[in-house]
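Notes follow once the structure below has been shown.
Per-chain numbering from 1; labels A, B, C and D assigned in written order.
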């Protein structure tokens, strides 16, 4: 049994972490730190927890806790760690973008499918971005096989939780209901993390990544299509993916047609391969808040502490 | 051809008024007054108008315009009219609650089905509330026949546009998507207007109105069920409603089962009657922004200026 | 570890049972019987299970299994049990309406909050209807206290899963999207089960139940408002409900405003009480497929086999 | 005033045609032919028309009507016209795919932005497909300028009405609600019509069109992103599009960010251009049932009969 703390308790990712950790068999949820809500019941904000927990937000941090999850806005993790020091034994999992790019820090990029060995030994994890997770799992196997040499064309759609809890014009119900739109075409910040992973897998060689993100009129999930030229056969591609994910706890190559709700409220990534002429099309789906954020964070925690990778993460889907 | 002005141009009701008035064959849209957006294109806010109009918000008011619509927050119409004077010939239609209750003012309650004669002669109209419209049209015929003597049990659900354009927790997409909730049970402010109409129709006698409003996870429309004890037969009830609405341009008694989208994006009210034991059940549906606000405002304008009641209001439904 | 079988594997309730039972720590899912799909993978129908289970539908029944869940259409459970005999040790939980009304059978009505003792000793359970569960939990405490003497006015809205997997005009996406409608007013079949429970609790006395069900444009969940005359204070009402649910594993009285998504994808029922004049208003929310069907079925199984009531039912909500 | 008939009256496109034509100032809706519903009220199927029209489906065809719209399933228009002959003066507008590809017939492809002269003189129109309309309007201006030489990468999402009124697994509300999926990648049948238009505009030269269609969880509308290499500047591209659409009644190039609801329930196509490195990104939005089907059919009718192009098509958007 380990003790876990959460820094920044009011957002979507903190909520999902709390939901998972209160029933995780090897975790005691030690504290949920919130500067704005200290003393208030956690179920007052995350109201699906009414009746299930008396936990209150804490105004204080236990610096000796075994693991701490940072659920802070992008840019604020660096700041928080500069101002707060944890014990040498405390492992840190950061859900922001702050430590995802290599640099003068010890954070390991927490994509278990490609980094499991390092994660198991790590004390600090930079948890991948949601789009980055869905897209990386779609294209890294080809890169690992040295076969991602041509332009990649990626289109993805995310739910409204991807935009965070703050109110904005594009998260107003009357705007988003029955609506669809693109944003940040070719310029989404997650391209950096994906590129970094690609370069490591194929000798610094980075094909052009053309990425158009879209806003869907649903709450959860990311659906990705990615295609590129691929000389091999469909069977060769399937063999590459099967090999890449043979030890994977949550990422599966399937034959069935994919649709987003197959993974909503689970930590899974489902992948499907199709070949059209000289192109390979990869479809990839995840829940942006679970495999794309809090679920993967707990998966990383499980690996860091030697627990079974899927412990506490066998979640019932919300299939309809 | 008359000239029309709109005061307060950024909200939902102003948007709907603009959409209707730019194609109204007897109206020239003279100005849309906005203190926050003067000089900016109207289509920058109401973006479905892109390509259709070059109209800009105005920082000035034409005090000699033929008709002015007040689309201000509740409480602000009184204030605005205290600070701004229009010509003696300018007719005013107020969409707020400010003048709906009788008092020391000359505003006529603008429910054409029950007040058509007065509306035709009026210079000032208090446009009814959205719930008040849907509920009044459901129960006033019985009151007019002196037969609404017992407790009335009313349940209604409204779309998110009913809450206005401002961002709030309950209009955030991730909250409202696939959600449902009640609010202001037994205490909704529209009960006052309904009660006032009832009392006028049946000698000051007001049965108990039990009203539970609900928030639906859709953008537009109000669906009402109302039931009460009724000694007569279903046929007698139908005769009463048929008589009450025989000259109605937009309110129809139908035999078919009702569902909300039959009226979305139209100015219609559809009503259905059923009898169960000693009770009569009335179902009533309207579009909250049209028959419940801007459409009815234009209907009132048509009556005030002697135009055909439905002029400019034969709108294509958004049935699916 | 007990063995469980499911009869009728393709519908919503069977799917939810499978999702729960494959991770239930005391259950081995022995077979999912389907006459139409034998030999086909369960994950081919319940496609959120892709990657999680290799289970196949079975064309045969193990008559010695410990517990069997009947997920058949209404009317078909009686027929099935006439044609198929299980061992004397096999417990049966029927999710249809077939055995909910008392009669010449040994089935116990499986509403744990009011029938826990009998359920623990039962071999045959009639699992309550979804509306019946949500409404009963809202009003039975008053009946138990002998205080439900006056007319009750009930309005409830259910998601599209309430209509089953078969395709129909009112479950077509283009019809239901952004729509709302009522059906079966005053005549819903669940009134019988509710009435039966009420009569048992208060000496055969049955107040008039006025019930209007509605179809919402969401997939899961039931939201109920029910009000009646109540002479006591709000505090007295709260005391009655607190007492009624003091041993309840999933039903909680809360102070917070309720909205449906607080319980979606959980087995909980949340209740809120308000007093207006001489009336008490009770709001009640459940997930129609869990507390309203498969979750409650597993809750009953847990009680019948002496497991902790919430075993395998600590589900992560799908709060947004 | 001309007389119009509709063949096949129960589907979405017929419904939209009826909604438009009953208020079109130059059209008398002569008959709506239905073999399955003769004698039944049109408002019984298209229930938003309750109260507005007493029109009944007809079991007979007036062969001398001025214009007839064929709203039949793909493949059935050819069959219908083989079995039914109209007068020499009757103009025919076919909404199916049957006559969109050039061949041994006299049908003119009815995309007014690129074919207006021919349409004005035509007696027979093949109305374009919905995806084909949205994509063609996005890319044909470059082709017309001879500048569409490189691979084009197209991603589009359509609402559930795109799949027609028939019930299917992917149009069931519980499947589609909050869901997203791709289908027919690289192989959608509309690629043929688009290719045919492209080849005509640039000397038979056809760049590779990579097209991934998607199913969105909304009812109406198509949102397209298309990008390709383009050597010119953004300003040059804008000049090309501005020139291409300078006489267009419904297609507009705008500077604002696009989102689908800007065009829902209108006959407009809005386009936006962006340049990223050596690529041009074109976003295009239409209502699949209006500009993508029935609205464009009426637009073609207006042109064929010498009416103003937008007559009867100044529709109020359903912006929220």
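Everything that follows uses one rule, which is that a residue touches a chain if its C-beta (ideal position, glycine included) is under 8 Å from a C-beta of that chain, and two chains touch if they have at least 3 such contacts.
Just so you know, these numbers come straight off a predicted model, no measurement behind them.
J.: When the contacting C-beta pairs are counted for C-D and for A-C, which pair yields the higher total?
T.: Higher C-beta contact count between the two pairs: A-C.
J.: Same interface as B-C shows up in which of A-D, B-D or A-B, over half of contact pairs matched?
T.: Going through A-D, B-D or A-B one by one, only A-D repeats the B-C interface.
J.: Let me spell it out: compute each chain's centre from its C-alpha atoms, then which one is farthest from chain A's centre?
T.: Farthest from chain A by mean C-alpha position: B.
J.: Between chain A and chain D, what is the gap in Å from one C-alpha centre to the other?
T.: Here the centre of chain D sits 40 Å away from the centre of chain A.
J.: Report the inter-centroid distance (CA atoms only) between chain C and chain D in whole Å.
T.: 46
J.: Taking each chain's centre as the mean of its CA atoms, how far is chain A from chain C in angstrom?
T.: 34
J.: Can you tell me which residues of chain A touch two or more of the remaining chains?
T.: 12, 159, 161, 174-175, 177-178, 217-220, 259, 261, 264, 320
J.: If we count contacts the way the header does, which residues on chain B are in touch with chain A in the complex?
T.: Residue list for chain B touching chain A: 12, 159-161, 165, 167-169, 171-178, 217-219.
J.: Write out the stretch or stretches of chain B touching chain D in their complex.
T.: 12, 15-16, 19-20, 23, 44, 46-52, 161, 177-178, 219-220, 250, 252, 254, 256, 259, 261-266, 268, 270, 314-320
J.: Can you list the chain C residues touching chain B in their complex?
T.: Residues of chain C touching chain B: 153, 155, 157, 159, 170, 174-175, 177-183, 185-187, 210, 212, 214-221, 223, 225, 227, 257-261, 264, 274, 276-277, 279, 281, 283, 320.
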